[in-house]
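Every chain is named by a letter (A, B, C and D) in the order it is written, and numbering of its residues begins at 1.
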Amino acid sequence: MTDPSPGAGYTASELLAVMSGRLLEDGQIVFAGVGIPLLAATLAQRLHAPGLTILFEGGTIGPFIVPGELPPSTNEQRCTRRANMLLTITDTLLLLQRGYVDVGFMGGAQIDIHGNLNSSFIGDPQRPTTRLPGSGGGNDIASLTRMIVAMKHEKRRFVDKVDFITSPGFLAGGESRSASGLIAGGMYRVVTDLAILGFDEASRRMRIDSLHPGVTLQQVQDNTGFELLRAPTIGATEPPSARELAVLREFDPDRLYTA
Amino acid sequence: MTDPSPGAGYTASELLAVMSGRLLEDGQIVFAGVGIPLLAATLAQRLHAPGLTILFEGGTIGPFIVPGELPPSTNEQRCTRRANMLLTITDTLLLLQRGYVDVGFMGGAQIDIHGNLNSSFIGDPQRPTTRLPGSGGGNDIASLTRMIVAMKHEKRRFVDKVDFITSPGFLAGGESRSASGLIAGGMYRVVTDLAILGFDEASRRMRIDSLHPGVTLQQVQDNTGFELLRAPTIGATEPPSARELAVLREFDPDRLYTA
Amino acid sequence: MVESYLDLRGKIASRDRSLREKVMSLEEACKLVRDGDHVALGGCTLSRTPMAMIWALIRAGRKNLTVSRSIVSTEGDLLFASGAGARIVTSWFSQGIVWGVSKVMRQYTETGRAKFEEWSHMAMGLRYRAGAMGVPFMPMRSMMGSDVAGQLDSWREMTCPFTGEKLMLVPALNPDVALVHVQRCDPYGNAQIDGLQFMDIDIPMAATRVILTTERIVSNDQIRRAPDQTKIPFFTVDAVVEVPFGSAPHECYGLYEPYFGHLDSYAEATKRDPEAGVKQYLDRHYHGPKNWAEYLGLLGIENMLDASRRGRSIHDD
Amino acid sequence: MVESYLDLRGKIASRDRSLREKVMSLEEACKLVRDGDHVALGGCTLSRTPMAMIWALIRAGRKNLTVSRSIVSTEGDLLFASGAGARIVTSWFSQGIVWGVSKVMRQYTETGRAKFEEWSHMAMGLRYRAGAMGVPFMPMRSMMGSDVAGQLDSWREMTCPFTGEKLMLVPALNPDVALVHVQRCDPYGNAQIDGLQFMDIDIPMAATRVILTTERIVSNDQIRRAPDQTKIPFFTVDAVVEVPFGSAPHECYGLYEPYFGHLDSYAEATKRDPEAGVKQYLDRHYHGPKNWAEYLGLLGIENMLDASRRGRSIHDD
């Protein structure tokens, strides 16, 4: 991945964290994965969304992450600092099913034209080139709530059809998701280091919604393995502010997730 | 009800508690209702079965009841004294379904030839003479484990067919219980102030197994609203010992359940 | 009988689930309950009954409620007799085994003026649990073959596609409102419950709106010091009402046992003429007092001290 | 794929479920695990991993186990490489996101020498829960439509008889043995778990045999003083083994955090030549030490103190 604006004073990961954090709204309940999602949600909580509630898959409701003590996954005690409640993993995931979660927020390894995510196999699943770690909560989160995905924008990651649907987006597009039994939720936004992408209401194909500072439509298309639709009006995102970057760096001083 | 041996020095309820307590074995897990079952299980625990574990529907595993502080139901804090664990009602009842309980132990208001219990309606359920309190855990206990029922032996309580099957015994007898989907458990013993009754293996009809001191077969039959089978050998139970009665009275000094 | 998944989700999506204060009075909380609602009650028999909230609803003249609970005691009598409750869905309904069969329950059900809908105890629990989990039913292995099932029509049997066994499917229960009384919670509704939990973890999760009454309100800081003790999460809660002795004359684990003398006299008063007896009781204890403290005064300070002494003895071990 | 109800009940009926002492050594507890068993592990990722028991099973030469867990970390590498584990059933398997994809997991699965069977995380949880409840399946609303479901054949879809909605039915999982590490339990196996519970309430209830390792054994009296803190009841438990730092180098809530330096060096050692690296690790840390204390010595006293200091900081609030 290339930093879209070298000399901008922030890394691509920091850009991702800032841009996706801005999509979260005050008062929402957000089911956040470790890494960029956790950082972005914490950033939002400290800046524009103090009433944001973070849920971690490991069983934590409403924690406050301590700067400099980021957890290695969502399942360690660092995730529980000053939480409102701890509960079992199964009951935490059931909060998604019950409908209590506004936004599921994850990273992605590979995504396709309909927002399906793959974190299981690269290549033929029967004889994979690479066995990836798998679903974790991804399948459940993507099946049961509105999703924001934060990932780096590379051609090999944005493919026409994923090798394996680990976490369902709109499956084959159109009405195929709800026909499969997934009648709630769905892919909402994909945030990359180049742009913010949404999905066309009818075809459920990926669409460019807005561009990050200094990025062109062509640049986004060039880094994508399929043809992107374009929103009627393409927005331009504001660059990360000094305040946003300062808070981010306070939380991840060792650049564990934002190198 | 008439005391079968006036001047015996114990009430019919005390006889019931002693006789049914003796059926419990050391090491068993017993799901006990309030009243006689609770007293009988506590008695067994103090005398011949120190390793008996008592479960209460309200969510208590392995308590020790404090003498003189009997709970008004299985759902108050008095049930929890020195318990090993408290859990939700639903999870307690699920222990029955999972197969962890050796014996379910309840009182009964009305029973029939196949051991079905009624605690819901006297008369036509559509226009009942008496609306009784209902199932409580009775239906689940009787459906999911081997049952001991302690009740007073009266003709109006021992009927050919109960007005309403609240807690299933062997339903219509034979294989009808398992055919209905209830493939585990079943009625084991009915303990009364006159006798101990079992069920014929094939017909699943009620059978006299043994008689209490001074009680005749005819007397049992006379107090029963249907024809009782008789075990090949009819046993004779030992009368309550002074020790048994003393412990019982220590636990229920106010004769709350043993008047 | 079971709501569609999208309807259930829609109801939750429209609620304000942010971390916000929601402390109010009993009277204000009443506004969250509408005539005809399905109201689920926490606690069981004489334990942690949300008595203060029931008291307030009866005073506010709510009508035609369907009320469900694991096991129903005197509060069921009062709901029937006041006209607030038209139907009670439960596994067992009477004052308590030591007082015999409730004459008030009998009076109202035998004359058909009110309905007592009976399920097995586990069925009640699994219906709330299915509701809490966001699925339309739970499979179980009891209630089959019995007349308890026979008199109901809102269950299904199925043959298990894995084992070929017969299973009972009980429908999810998603109450309109849940009333739960707890020992303590914070102003946001994070509740910690000591002792017996009954069905009070599933019920608020299954309900569309939740009213908590609490013996005391503690700070959110205190909750956050022991988050593994929180049993009900704030975002399920719509109202928090601080009501000391909010279950009296029933018990609240670790704080007070039942007021046995009062319950004996209630049983006595409703024995001969159940209808007149319960009406007098309602007039005196429900409609008479100007507030909850005055109600507690009628129950008597000495009785309060006695119930508290017995209640706190649980901590002697 | 799902055992019949009568078989499951028969297995429980034949166990000694009385209140009895069951304290033993790691080596004795190993005898409760047979080659080819399905072994479920408590904890999640780096938390409360029953590492000491896994260590003992590998040392005892157990073979061909199917191992299931909510999320699998380094213990999965070691089970594969030692030959103890032939199949791992889980939702996620890698050392941890900060160390990248496990090279050992890749080596064994990509060459087909061991199997990694993937389910959604909630499916894992509901499979254990169905097993714990004594029903053959749980209905749920995820995994449908995805290739996660597509590559498995032991689930069923159904049309809900109440709502007409499509539902996924996941099969009950009743492991032969459960290994769970806890902060404290009594000699009978009544266990209290602080902090995150993961799937460790359902797993012992679902299993046929349960081995608890515990940071310390407390008296039954102490358990009975706070029975509402007990999370696993004694009658599900077959062995209690006291093993301080029994999750090291993973964490145990409130006592020690992960040994991060050790985990970094493990990742480094298995990076270039995963197979040789993990074998060396097993030789040195698993087969080398004469007992658990010597294993802890290899991890280093300073690292132990550091992990403990960080672990106990959770109580600073």
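We adopt the following convention: a residue touches a chain if its C-beta (ideal position, glycine included) is under 8 Å from a C-beta of that chain, and two chains touch if they have at least 3 such contacts.
In this text, all values refer to a predicted model and were calculated from it rather than measured experimentally.
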Shared interface partners, meaning chains that touch subunit A and subunit C: D
Greatest separation from subunit C - chain, by CA centre: A
Result of counting contacting C-beta pairs for A-D and B-D, higher pair: A-D
Rounded Å distance between subunit B and subunit D, as computed from the means of their C-alpha atoms: 41
Approximate Å spacing (C-alpha centroids) for the pair subunit B, subunit C: 29
Whole-Å gap between the CA centroids of subunit A and subunit B: 59
Residues of subunit C whose C-beta touches two or more other chains: 5, 134-135, 140-141, 165, 167, 195-197, 224, 228, 317
Contacts with 2+ other chains: residues of subunit B: 60, 80, 82, 86-87, 94, 97, 183-184
Overall pattern in which the protein chains touch one another (line/ring/star/complete/other): other
Each pair of chains that touches, named by its two labels: A-C, A-D, B-C, B-D, C-D
Of all residues in subunit D, those that touch subunit A in their complex: 44-47, 70-71, 90-94, 96-98, 101-102, 105-106, 109-110, 116, 118-123, 125-126, 128-129, 140-148, 150-151, 157, 165-168, 195-202, 251, 253-254, 257-258, 260, 311, 314, 317
Footprint of subunit A on subunit C - complex, ascending: 5-6, 8-9, 12-13, 16-20, 132-135, 188, 190, 205, 220, 223-224, 227-228, 230, 233-236
Interfacial residue positions of subunit B with respect to subunit C in the complex: 34-35, 57-60, 72-73, 75-82, 86-90, 93-94, 96-97, 120, 125, 128-140, 143-144, 164-168, 171, 176-177, 180-184, 256-257
Contact footprint of subunit C on subunit D as seen in their complex: 1-5, 134-141, 156, 158, 160-163, 165, 167, 169, 171-172, 194-197, 224-225, 228, 317
Residue ranges of subunit A touching subunit C (in the complex, touch as defined): 26-29, 51, 53, 60-62, 80, 82-87, 94, 97-100, 102, 183-184
